[in-house]
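First subunit A sits with subunit B, and in the next complex the same chain sits with subunit C.
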Partner chain A sequence: MIWSIAWKNVWRNKKRSLVVIVAVTLGIIAGVLLVGIMEGWINQRLHDAVYNEISHIQIHNNEFIKNEEIDLTIRNLHEITRSIDSLKELSGWVKRTKIIAMANTPWANAGVIIYGIDAEKEKQVTEIYKKIVPDGGGYLDNQSARDILISDKTAELLKLKQYIVTDSMIEGLKQEKIPGNVLVKLENLKDIRFRSPKDFKDEMKNVFSRKELDSYGLLITGKALDYRIRNKVQITISDKEGNPVQGIFRVCGIYKTTNTGFDQASVFVNAGELANLYGGNDILTHEIAILLNNIEDAGFVKEKLDPVDRDNTVRTWKELAPDAAMMNDFMIMYYIIFIGIIMLALAFGIINTMLMAILERTKELGMLMAIGMNRGRIFKMIMLETVFLTVVGAVAGMLSGWTITGVLGKTGIHFTGWGEGFEAIGFAARVYPILTPEFFIFITIMVIATAIVSSIWPARKALKLIPVEALRTE
Partner chain B sequence: MKVLELKNVNKIYNSTEVKVHAVNDVTLQFEEAEFAAIVGPSGSGKTTLLNLIGGLDMPTSGEIIIGGTNLSRLKSSQLIDFRLNNIGFVFQSYNLIPVLTAKENVEFIMTLQKWPREERDERTYELLKAVGLGERINSRPSKLSGGQQQRVAVARALASRPKFVLADEPTANLDSKAATTLLEIMEKLNHDEKITFIFSTHDPRVVKMAHRVITLEDGKVVSDERKE
Partner chain C sequence: MKRNLYKGFLIILLQGITAGISGQSLTATEIVKKADEKFNGEKSSYSLMSMTIVRPAWQRTIEFKSWTLGRDFALTLITAPAKETGQTFLKRSSEMWSWNPSINRLIKLPPSMMSQGWMGSDYTNDDILKESSVVNDYTHEIAGEENIEGRLCYKIIMTAREDASIVWGKQIRWIDKKEFLVLKAELYDEDGYLVRTEKGSDIKIMDGRTITSKIELIPEEEPQNKTFVEIREIKFNIPVEESYFSQQNMKRVR
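== the complex of A and B ==
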């Protein structure tokens, strides 16, 4: 019956209870969304780090890690590859040549790391082949000679990314229902070649109003973008003797991941083509990247591979991308901090409401004690009222938060204005919030804990009432 | 059979300026099934005496013995349980639990005492029928008149078959008709259930119906009359 009284007491002052319930609901929605976005970002960062950049495990020559010189290849390669092939946890693995290089075009140059890869095998380990931008050519082909895959960022640095307004583009924009006056203004930019996004954006600012830019700027910029596919890029590296050697490669495709830093540094060619450049009979292996079936096995597999050759270093994704590892490990801390702050704020509202309820019901509580309701039951009743009040809001908040996160998890949230900033630190500009069952368990525990803690003060206040005095209050 | 005994009970309130002797050397005994009224002018100590008997307040000196238990020797937590199992209360302003129905209010104490559901239901219907509210068992207090609420309060007080019922000015907020009905019901229950009723009252109708009238003045018992 105490449960029933507590539940009914929650609805005695509907308006006041609803204010608290709505506050809890909104607080939980905010918490769920915040954590969902955070979890989405961390998940995306971890996925992209593993599947685009570092895989689960990498092996290098000990000295290569300190000094990336061409002759510091992996030691005892045959033995290592045999050990890798025998791993039960293995999903795929690749060998790579990795050399620091200078890339030049007639208009610009940039320092890069050139990876010599087996393009087909690489697909088992990385998803770069899925990251080719629209109208950005294609992925490397094992058969194609002297092709190079570069990133959107490298293309920008090498001025292989240009913006040009053409008749066909304007025709295309007409289908997108762009207003006529905007298309007329666009004619002013026709056939002018802009070699950087900044130049093009600056010129657009001169031509269009702010409102037009906000509405159509992104669309026009996207349509005007033209990658100079098949353009030549000169790659300069040092051969084994330290002499500079040059080779000409043609851009076969442009990729773009969520990490500008990685994109800016990494270009890919067929390993055989790179070997032709540095000379020698063999393809050099500076790096082995291993993808496992389960990320949790990385530490265990490292322990298996470590003893194979002590001249090599085996590193897991946690060592290769400590930022992603740290965020992953600290996710529970983020939960506690975010939800803790929200719960703390809500606790004060709940305490205030319950104290008011106790004050209003002083006489009734005195009567209950007089007729024989002991302190334990009074405490339980107040605590249950607080828990019900909070849990109703929390359930509403979790359901709403789950629905909103579910929708946003499909559509994504695009942080248009901050895209470049996010990508510079390896985060996607479009985040897909994720909620895990663990989070729901966690938030349920936090809500109930908050309710119980919030009930202590009002309940103690009720327990301090002296029945004979409480009965005298009006 | 003796259900309640007061031996030289005193209650003195020490305020900063004056000492108030609210109950002064009261010695009384109550037998089973008595229907007694404590009367006296305002400030004579009626309510204080009732609070002492009910274990809601502690005497400054003297002993209150209920069914062989000296209340002064009980801790506050034991006192609550003692009240639950031995004393029924009827308050001037009804004091029902507003979120519960008449039935739930009556069975509340039995629930605290962990009565089996069947026995609880049987006792609740029996009492509500006895107080004339057999048709209103599912009404909340806000849907009942003052007289009906006080009848529910009487049923609640009797529910767990206490040793006695203390009623503090039970008719004070009722009109004449409702008060008479209530008193008739209480007298009948006193007779049927053999439970002692002790009232504090100003109401002459209560005095008229009481079998015993104890008069207090300045905290002292000045008369204790039993009617034939």
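== the complex of A and C ==
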């Protein structure tokens, strides 16, 4: 009885109720989208951090962590190898040589960390081999001697990237339905080599009009980009005695992950080739990276491996990428704050609307009281009205929010303008929002709590009415 | 009969060619070697040099004294400007140290510093260490003769050996025919683009030897940047011991 009265009361003033419902709907959509984007980002960052950079667990020599010296290799390698192989949670693991090095080309130089890897085994642990850029050569393989895999960022620093307009490129652009006059203008730039994207852009500004640049600039720049694959890179490292040794490697491929910081530092060569450079018969192992089947097992596996040898340090992804771990663990706090603020704002709107409704219906409420409706029922009625108002908006908001994130989750949101900034801190420029069922349960609880809290004031106001006085109001 | 005649002709022709080569006397490699030894071939040396670094916004001159013994040992003392006076650099085979009196620190230059410019110039520490050899790390070929500032030069194309630890793809050197001085060198990357030009000029007789006393270095990508080195004084075969090139002496030398 009270339920249906409350429901009917909601719709007595359709316009006013709809304003509140729409406000709640929009608020919920905003909250859902925001959380979806954040969640998408964090998931991507965590995935990329684990599968490109750090894996689930890494082992180093205790001293190596403080000071990355060439002779600080992992101790008791055999024992550790045996205990890793016996792990049932294991998905894959690799040994790596890791040395700080200087990379030189005739044009430039850059400090890098050179990883000596087993190219085939590495594929079981990291996904770098999937991150080779278009026209960027290929991944290392075990046969190719003296090859080096560098990132797009390192290629830029070493000036192994150039922009050049060629006949075949213009031919290719014809297929892309670019107007003839643009192509004719492009002929002016033909066969000139530009060493940086900035030089090329500046020159394009001279040749093309602003409008042409806006429509075709990106496409042309993309097509003109040419990596100097097979070029020499000179690597200088310190050997075990601390003497500088140099070797020439040839670029076999260019990769690009979502983390520019990682990209800039990391270059990869075959472990054997690196060993030829620092001398000695053995391949040094500075780092072991372990990938598990389930990320949740990392802490447990660490405890298993920890006692094997005290000279080495076992660290989980949470210690290796504290930023990702922190976000992963504390995100729920962010959500509570975000949604909390939205709900607080909505609560004031709801309270305002309900107070107005009470004011408008003073006489009616007085009448109800006078004919014997008890206070509990009045309270319940007002509260139910508020809950209905909020829940209708919330359901509409969640449904549309879910649809929107669903669609965006497929297409992704591309933050073109800020891509570079995001990637500098390891976040992808394209985000695929996702929503978990837990989040919907969470938001439902928040909505109901908001509705109940914001109903208290209007309901109390109604209770305080004195029937005789209320009846006399006009 | 005809066949024999042909054979005889061939022999004469071949003899003519070999005679021609020995008459011309030098192969490309020998020319490069001779030119290289002009500076590095002596047992020991002492020199007083100045280096001017030109940048679009500023320019500065550094003066230094340098002692060398063979290819392996070198000690350099900065004498001007006042701010950097007393800094020394020691090279022993492939290692390099630097002593800075103002902070009282001796550091061994790590590989990461090898490719940085020496004292802010276009020369890298690596150029100074001269790990690579123009003789052994390249294949040489005479590409004709050209005039450089009025002097007839061999034009020699030096292609980097595949296994050599050299970033360059090739060099072209113009070496004076009479004195075997490198008057110009162009360094190319592997794609055949010019990266850097070095020019030697102001030929003088110093301590009984004819040398280019001015060397100019121009990086192609930043033509406003230049480095000049001028040899003010040079003495060859001075009496100097290996013990002179020590870390203790880095702090003492004046």
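The definition used in the following text is that the second predicted complex is superposed on the first by the 474 of 474 C-alpha atoms of A that agree within 3 Å, B and C clash if a C-alpha of one lies under 4 Å from a C-alpha of the other, contacts with A are read in each partner's own complex, and residues count from 1 in each chain.
Just so we're on the same page, a contact is a pair of C-beta atoms (placed from the backbone, for glycine too) under 8 Å apart; a residue touches a chain by one contact, two chains touch by 3 or more.
Since this is a predicted model, take the numbers as computed values, not measurements.
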Worksheet item: Fit or clash for subunit B plus subunit C once both are placed on subunit A?
Response: fit
Item to complete: Pick one for A:81: touches subunit B only (first), subunit C only (second), both, or neither.
Response: neither
Practice prompt. Name the contact category of A:367: first (subunit B only), second (subunit C only), both, or neither.
Written response: first
Worksheet item: Taking the superposition as given, does A:13 touch the first partner, subunit B, the second, subunit C, both, or neither?
Response: neither
Response to the item:
With subunit A at the apex, the angle to the CA centres of subunit B and subunit C, rounded to a multiple of 10 degrees, reads 160
Item to complete: Pick one for A:236: touches subunit B only (first), subunit C only (second), both, or neither.
Response: second
Worksheet item: Of the partners subunit B and subunit C, which touch A:246 in the superposed model: first, second, both, neither?
Response: second
Discussion item. Per the contact definition in the header, classify A:106: touching subunit B only (first), subunit C only (second), both, or neither.
Written reply: second
Fill in: Partner chain in contact with A:467 - subunit B first, subunit C second, else both or neither
first
Discussion item. Can you report the least C-alpha distance between subunit B and subunit C in the superposed arrangement, rounded to whole Å?
Written reply: 83
Worksheet item: For subunit A, which residues are in contact with subunit C within the complex?
Response: 100-102, 104-107, 109, 111, 193, 195, 228, 231-234, 236-238, 242-244, 246-248
Discussion item. List the residues on subunit B that touch subunit A in their complex, please.
Written reply: 51, 54, 56-57, 77, 80-81, 83-85, 88-89, 91, 95, 97-100, 104, 107-109, 111-112, 156
Fill in: Residue ranges of subunit A touching subunit B (in the complex, touch as defined)
1, 4-5, 8-9, 11-12, 363-364, 367-375, 377, 467-468, 471
Practice prompt. Would you tell me which residues of subunit C are touching subunit A in their complex?
Written response: 94-95, 108, 110-112, 114-116, 126, 131, 163-169, 187-191, 193, 195-196, 221
